[in-house]
Amino acid sequence: MKAEILSHLNLTGPYYKLKLYSPHIYKNAMPGQFAMLRVGETSDPLLRRPFSIHKKNPDKTIEILYKIVGKGTRLLSTLVKGKDMDIIGPLGNGFVIDKKIKNHILIAGGIGIAPLLFLAHELSRDKRSRITLFLGARHKEDILCIQNFKRLKARINISTEDGSLGKQGLISELFEVSLADLNEQKIAVYSCGPNNMLREIHRLAAAKGLPCQVSLEARMGCGIGACLGCVVEGKEGYEKVCTDGPVFDAGEVEWGRL
Amino acid sequence: MKAEILSHLNLTGPYYKLKLYSPHIYKNAMPGQFAMLRVGETSDPLLRRPFSIHKKNPDKTIEILYKIVGKGTRLLSTLVKGKDMDIIGPLGNGFVIDKKIKNHILIAGGIGIAPLLFLAHELSRDKRSRITLFLGARHKEDILCIQNFKRLKARINISTEDGSLGKQGLISELFEVSLADLNEQKIAVYSCGPNNMLREIHRLAAAKGLPCQVSLEARMGCGIGACLGCVVEGKEGYEKVCTDGPVFDAGEVEWGRL
Amino acid sequence: MGEVIKGSRVRGQRVRKTEIKPDLSVNIAGIEMKNPVMTASGTFGYGIEYAPYIDLNRLGAIVLKGLSARPRKGNPPPRICETPSGMLNAIGLENIGAEAFIKEKLPLLRKYDTKIILNIFGDSIPEYVEVAEILDKVDGITGLEINISCPNVQKGGMVFGTDPVTASEVLTAVRNATSLPLIAKLSPNVTDITTFAKIAEDSGCNAVSLINTLLGMAVDIRTRRPMLANITGGLSGPAIKPVALRMVWQASKAVKIPVIGIGGIMTADDAIEFLLVGARAVQIGTANFVNPTATVDIIEGIEKYLTKNNLSDINQIIGRVVI
Amino acid sequence: MGEVIKGSRVRGQRVRKTEIKPDLSVNIAGIEMKNPVMTASGTFGYGIEYAPYIDLNRLGAIVLKGLSARPRKGNPPPRICETPSGMLNAIGLENIGAEAFIKEKLPLLRKYDTKIILNIFGDSIPEYVEVAEILDKVDGITGLEINISCPNVQKGGMVFGTDPVTASEVLTAVRNATSLPLIAKLSPNVTDITTFAKIAEDSGCNAVSLINTLLGMAVDIRTRRPMLANITGGLSGPAIKPVALRMVWQASKAVKIPVIGIGGIMTADDAIEFLLVGARAVQIGTANFVNPTATVDIIEGIEKYLTKNNLSDINQIIGRVVI
C-alpha cells in the first residue's frame, strides 16, 4: 500500500514523527496495532520495519512516532514530505478495552509511549475514563507526548534515570509506590517498553490482581504470520508477536524466557 | 572526501545537474577526468559510480551532469541540497590538449556531452581556439548544454535519431558529411558517447589522418587501478579505463573487441 | 492461455490493438501450472496468510511451510536477523504436523484454483517416509517437495542433502512411498551441486528445486552473542542470488528433469534471469516478506517482458541464455 | 603498543585524562603485526594505489594481488558486475608475474613499515612451487598466502581447493619449497570447510585465511548474456559476510593454527564479529573499493571498541563469542 508522507518532523534528538495519508489504516486501526514500513527502495535494508500506530486524525491521516536506533530508522528519517511511503497495516491484535473498567493506567518506557497515545485517545472517548500515565525514560529529552496526554486530562507521572525530569529512578518503581496507596479494584494496566520493564510491571500488577496487557517487540520478517520469525515463549508454546500479539495478556507470557 | 551539495537540479526528463563544493577537485581537475560518487549509504548499491567532471566554477564548485539509467543514478537523484556527497577525485587521465592546434572538433552522443563542456571551457581559454560541436542524441530532450556551448561561441551541429531537433540521423553521419569539405589539417577530434559511435568517429578521423581522443566507459570497481575490473583491450594488451584512461588515443584501442 | 483482445473497449478509444497474451504455462514434474511462479516453502506460511494481499488463484503453485509427520515446536527465539541484502533464519522447522495440516489448513486451500505442493522433511528416513505416506493420495495435494537440508539425527546430525549416500537413500525411500510428483529440494552447502541434482534424477524424482538457504551466522558485538539462538541459520534473499543462479545454471545442464530456481528472486527481472539459465519455474521466498504482492508482480512482469520482446511462449526464454 | 598519554596538551584544556591505548598487535603464522587488519589479495592492487588515500604504515599487513610465476593477461571484459550488497569478479588473475613484481613493485613497498605478504597461485603444482621459489628469501617479503581457488589445468580444471587430495598435494609441495610463513587461503565452495582447514594444518601451513569468493553468476536480461565474459565469477562483499563468518567460526574450532577472517568486512563492527568467532586477524577486500580508507577506519574502530569496553588487549575479544 502507498501512503503519502504529509509531514515528517524531527522532534528532539533521535525522535521523529511521520504523518501519512492512509484512509485504509485510519479506518481500520485499533490502538496497539502496528504497520510494516519499507524504509528504503534497495535491498539493504531488506526487511520492513514494524511501527505502532501512534495517532489517527479525522483527516484520514495516521502518525508514527519513532526513534532512530539503527540503519533502517536512520534511512526512514531521510524520507521527505510528498513522497509515498510503502506501508502494510493495520496488523496484529491491539489492546482489549474492557468497557466496564473506567480507571486506566498506561505505563511506558521511552519510545514505548508510541502506541499508548492512540490507546489514550480511544479510552478517552468514554467520558468517564480516568487515565493515569506513567512515563519513564533515561533523560528528559526522551520524555515525549506529555502535551498530548495533558490535553486528554491524564494524570501524569514521570521518572527519568538521571533525574533530569520527574522522579529519579525507574518508572516501575514509581508505579510500585503508587500501587501501595491503591484501593480501587476496577483498574486496567497497559504497558509498552523494554522487556525488563514489562516483566516488572507484570509482576507488580499481578501481585495486586490487576489485569495487565503488554505490547511486545520482536524482530519481524513478514508481520503477517507467515515466517514464524517473531515468536516469544507463551504459557502454551510459541506465540507470534505479529499475529497473536503484539499486545498480550501479561499472564500469557513466559517472562523467564524473554 | 566530503563535498557539500550546493544544488541538485532536474534538467529535463532523466537528466540532472549536481553542484558540489569541492576546492580539491576544483583545483586539480582536468577535462576528461572523473570522480567516483557514493550514491547511497547502505551496501545496496555497493560500489561507487563514476561520473565525469562536467564543469568547474570560480567559487570552487564542480558540476556533474548525469542521466538516470539504473538503481545507482536513481538513488543519486534523491540526494538533497545541503547534504554531503562522498566523492573521490579527480581520477584518471583527461584529454591531452595540443597547444599547436587551434581547431577543435568535439563530438558527443547523448550524455557523452558531460566531459566535453569542461573541455570546451578549457580550450576556449586560448582565444584563438575555434570549437565545433557535434552533438547527437535520440530525441530533442536528450540534447543538453547547447546554451553553454553557444556562450563559448562554438559552432554547433545537432542531429537526433527521430529528427526532432537538427538533422535526422546519427551524429557520426553529420560529422562524416562535414569532413568531406574539410581542408584544414590542424584539427583535433575529441569524442565521448556510446562505443558504436566512438568506433565510427575513430574510423572517420583516422581516414582523414586527424588525431582523435575518445573517452571510454567501463564498469568500475575501484576507480584507482586496484581491482583490474575496468579493462578494455588496447593494442598492447588490456588497459585500465580508470587509470590508463578514461581518455584514450583512439588509435590505441582495439575497436574490434569493444 | 488463449488470446486476449486487449484495449478494444477501453474507454471507447480508437486504439484497437489486438494483443496476444503470452502463454506462461509450464509443466513441471507432471504438474500443469498456469505460470512458472511458485512460492517457496517457509516463506508463505500455510498460504492463507497471503490471501488478503493477493489473489491466490493467480499463482502457478503454492509450496507450503515444511511439514513433518508430527508437530514441531521449532527453535527458541531470536529466530531471524537481517544481513546485508539478506536475512538469516533458524525457525527450526516449526510446523503443526501433517495430520493437523490436512484437517485444519488444507480445506481452506482446496477452494483455490492453483496447485498445492507440500514441502516435507524428517529427522530420519523413516520419518520422511511417514510424512510422505500420510500426504499421499490426499485430495488437493498435487505434489511433494522433499527438503533434504535437514540433519539426520540417526547419523549424528549430518545433513541429508550434503552427503551423496544419505541423499540418495532418503530420496529413494520417499520415491517408493508415494506416487505423487516428487521434487527434490537441494542444499547449496555442497562442493558440487550437479552431483546432487543427478542423484535426485537417478532416485526417480521428477524435478529438483534449488537453492535452499546458505548456512550463515551473525554476531551482536554489543552482547557478543550470536544473533540467532540457534547460533547459525539459513541465509536467504537477494544476497544469495548470484550463487543460486550459478547453481541453477549448473544443475540445468547436468540433468534432464526440470529445475526450479530459487534464491533471492525479488522482481520479474530476477525471475527471468533464472528462466534464461534453464529454470523451468521459480520459487519466491524472502521477497514475500518485503512485498506481499511479489509473486503476482513477478507474473505480470514476466508477461510484460515476453510481450515487449514479441515472444508468445515462456518456453522461448527458458534456457536461452546466450553464452 | 605502549601507553599513550592523550589529551594532556590538547588546547591547554583542564581535561587531563590518561588513556591507555589498547594493544592491537597480533602474531599470525610467526608474522608480528601492529594490528589484525590486513588487505585482501586482489583488492589492494600492488599496494601503491592506495598510498594517496591512507598511510600504508598503519596497516597490520598488506596482501597483494595474486602472483604467478609468469605474467598473466587475465580474462576479457566485462570482468565485474554489481549484485545486491556484493559484486562478482572474474579478473582471471591478471598479474605482472613474480619477477616483474620483485623488480618494479617491491622496491616501492619496502620503505613502508608494514608486513608484505604475497598471494600466489599457479595452474599446476609445479607452477605453484615455481612462484614460491622465486619469492622465497627475497628481501621485504614476510610471508606467502597460497590461493588454492584455482583450476588445476593438469587435472581437467578441477579447483585445487575443493578436492582434499589436490589441496593437500599443492599445500605440501609449496610448504617444501619455501621457509617463509605460509597461509593457506581456502575456498568456500565446499561442503565442509573444516576438512580443508585441517588439511592446511596437516600440510604444515602456519595459518589459514578464509573465505575466498563464492562462485556466482548474473545475467543481463536485455542482452540475455552473462554479465561477465567469463560467465561465472567470484562473489564478494557484504552479501557473503554471514557465510564467511560461519566458516571462520567452524574453522577456528577445528584447527590450532591461526585463522584469518575474510568476507564482506566493511566496518570495524564487521571485523569485530570475525574476531569474536575466532579470527586472529582479518582481511579487508571489496570495502577498499567502496571506501579507500576502510582499513584505517577499521583499525581505529576496533581500538575504540576495546577502549569503550575497557579492554587493553585485542586478544581479549578473539574467540570470545558467548555461546
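A, B, C and D are the chain letters, set down in written order, and residue numbers restart from 1 in every chain.
Just so it is clear, a contact is a pair of C-beta atoms (placed from the backbone, for glycine too) under 8 Å apart; a residue touches a chain by one contact, two chains touch by 3 or more.
Given the structure is predicted, the values throughout are model-derived calculations rather than measurements.
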Chain labels contacting chain C and also chain D: A, B
Centre-to-centre distance between chain D and chain A (centres being mean Cα positions), rounded to whole Å: 46
Between chain B and chain D, centroid-to-centroid distance (C-alpha), Å: 36
Length of the line joining the C-alpha centres of chain B and chain C, rounded to whole Å: 46
Residues of chain D whose C-beta touches two or more other chains: 84-86, 237-239
Sites on chain A at which at least two other chains make contact: 42-45
Graph class of chain-chain contacts, one of line, ring, star, complete, other: complete
Interfacial residue positions of chain A with respect to chain B in the complex: 40-45, 71, 74-75, 80
Sites on chain A touched by chain D in the complex: 42-44
List of chain C residues in touch with chain B within their complex: 84-85, 238
Chain D to chain C touching residues, read off their complex: 83-86, 88, 162, 189-192, 214-219, 221, 223-226, 231-232, 235, 237-243, 245-246, 249, 264, 269, 272-273, 276-277, 305, 317, 320-323
Contact set on chain A toward chain C in their complex: 38, 43-48, 88, 218-233, 237-238, 257
